[in-house]
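Notes for the one structure printed next.
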Amino acid sequence: MVRIELENRLDKPTSLHVHGLSKLVFQDGIPEIEPTPSIKPGESYVYQFPAWQAGTFFYHAGDPSQIPQGLLGPFIVLPNENQLTGGEIPYRDYVLVLQQWDIPQEKIGEITPGVYKPRKFDTAPNFFTINGKAFPETEGLRTKYGKKIRIRFINKSSASHSMHVHGHDFQVVSVNGFPRYNIYDDTINVASGQRIDIEFLSINPGSLPINGTKTFHKRIMGKHQVVW
Amino acid sequence: MVRIELENRLDKPTSLHVHGLSKLVFQDGIPEIEPTPSIKPGESYVYQFPAWQAGTFFYHAGDPSQIPQGLLGPFIVLPNENQLTGGEIPYRDYVLVLQQWDIPQEKIGEITPGVYKPRKFDTAPNFFTINGKAFPETEGLRTKYGKKIRIRFINKSSASHSMHVHGHDFQVVSVNGFPRYNIYDDTINVASGQRIDIEFLSINPGSLPINGTKTFHKRIMGKHQVVW
Amino acid sequence: MVRIELENRLDKPTSLHVHGLSKLVFQDGIPEIEPTPSIKPGESYVYQFPAWQAGTFFYHAGDPSQIPQGLLGPFIVLPNENQLTGGEIPYRDYVLVLQQWDIPQEKIGEITPGVYKPRKFDTAPNFFTINGKAFPETEGLRTKYGKKIRIRFINKSSASHSMHVHGHDFQVVSVNGFPRYNIYDDTINVASGQRIDIEFLSINPGSLPINGTKTFHKRIMGKHQVVW
């Protein structure tokens, strides 16, 4: 059973939705439709539901205009030991949250350091991040030769992002928390709201990119480093 | 055999394409390429082809600029009784047509009642509907505790829409009229021109949203109500 | 083993990335991350790697801003004879490269002949091509009644394109170079950077469209002609 106490220190009402992991209607966090509370400034509420499914999820504010301002994050459910039916535990298990931003002064293809207030909706995105950072500030994912690495892509932006891994093909092991079998690929389309888990054996030493395939995507780029 | 008589009461030529259900070239309704007629104002034409495949399709005008103005609709082929190999007939079978609009005076995130002429192509959409209605005007999909519900998503807009069902995970049973097996999910990407059928058992009483996952998608939201 | 000598006759540095076909880090062609050279004007470099996988790939400049200006192309690996496990060799094997363009003076829905310099990134595309041509200049794909045809869709644009084949349903036989089995469809979403191979038997004589499903897609349209 997961217990999350949300304390609202904003000056506006909010609520919390965990995407996936079906739960009772008053714990799902969308007050416009469900009998779930809109939590007022200064108030708090306890969300409580079973984590009945191992996999990759995320949480975000029920109010969609609060999401681009930061009210979201990954929500990972690890399997119990007795749920590990075969399958090697990966050496490294990385989470990559993909986001896009619609920033007033920014031009696609240029970065001017500064503080910008993102527009309410990211309909004309001009800035792209992985875990909140743009290339070359994105952090390397380190692995070791011969070891298995897992990457969990989470897309909470308003567009699909097609992610390409260099130097290694991969296996798609899970889509939105549900297992997939015998799917091999090198470029996976992660649609808005989706989570796709991939795994591969680190067999190509060096420093290699993981990037979005759109031409203006250069900054939605990370790297994975396979070391001996 | 399906027989559709199209009578053109517009002041411009038109034609009818049923998307899917491969048919003879002069019945497919794309006059620019095929030897199929462009039906002039005041004229009529009979389309005739076998409904050889059970599943979810849609029809639209062959002229793409007539589509955002309303010349489209769902086209559902139900199976014969002897085609129901196992599988329970759903208690409710709902069709949700997803559309987006590019309206001159409308701002994303606000609804001003009025009459607007949609722009020819929906390249900068600012309004989203399910079956022609925006939330909160969308109708609830009613079901009963313990019963199976089927939802047929049809996307005839110019973007993908990632649809998320709250309170229930679902099984993807058909993509573009062709069966799919053993695919479970909670967020399905319905690309332009695609139809995806999902099914689930109504096991979570209450009123729960079905929504697009883009932040500006709030109005591409419906609800399903599970009652005892 | 593939050996490609790249001679840079531009006035800017460049490099070559073959998308897919995992290769050693210094042959993958992304100098910003890998120890692979940025090839200066007047210089040349030899890329060398095994074509270990039969399938549909493409190559492009490592610098994303050079891609819309033409530095890309299909890269097809045919199977060895002993890799043809069952499966008929198609009568015709066509490659369709999907692209979109952001051109200064062009309006969606109109073509004014002229010479235009495409904008650096195709974020507001107003022109769409298959193998560099817009309908009705696109070439017909000819096949013969009763013969199998294969079409390899390659999308190197910054959006997904949903491709619909008229008159024939098809089988998806490969995604990004990896085989797929028992998937039948009529509308396939080809995401940015993806390659999808389809096959079908030519059983419907006539001239039929293959088109993108977005309303402004009219020019991303080709035709296939089944002749007796």
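In this document, chain identifiers A, B and C correspond to the written order of the chains, with residue numbering beginning at 1 in each.
Here is the rule we go by: a residue touches a chain if its C-beta (ideal position, glycine included) is under 8 Å from a C-beta of that chain, and two chains touch if they have at least 3 such contacts.
In this text, all values refer to a predicted model and were calculated from it rather than measured experimentally.
J.: Draw the chains as points, connect those that touch, then say whether the picture is a line, ring, star, complete or other.
T.: Shape = complete; every chain linked to every other.
J.: What angle, rounded to the nearest 5°, describes the rotation that places the Cα atoms of chain A on chain C?
T.: The best-fit rotation has an angle of 120 degrees.
J.: For chain A versus chain B, which are copies of one sequence, does the interface use mostly the same residue numbers on each side, meaning over half shared, or is it different?
T.: Counting shared over all numbers used gives less than one half: different.
J.: What is the distance in Å between the mean C-alpha positions of chain A and chain B?
T.: 29
J.: Please output the residue numbers of chain B that touch at least 2 other chains, ranges allowed.
T.: As it turns out, chain B has residues touching two or more other chains at 160, 189.
J.: Which chain B residues qualify as touching chain A in the complex?
T.: So the residues of chain B in touch with chain A come to 108-109, 124, 135-136, 160, 162, 164, 166-169, 183-187, 189, 204-209, 212-218, 221, 223.
J.: Give every residue of chain B touching chain C within the complex, in rising order.
T.: 19-20, 22-26, 28, 30, 32-35, 64-65, 67-68, 120-123, 156, 158-160, 175-178, 189, 191-194
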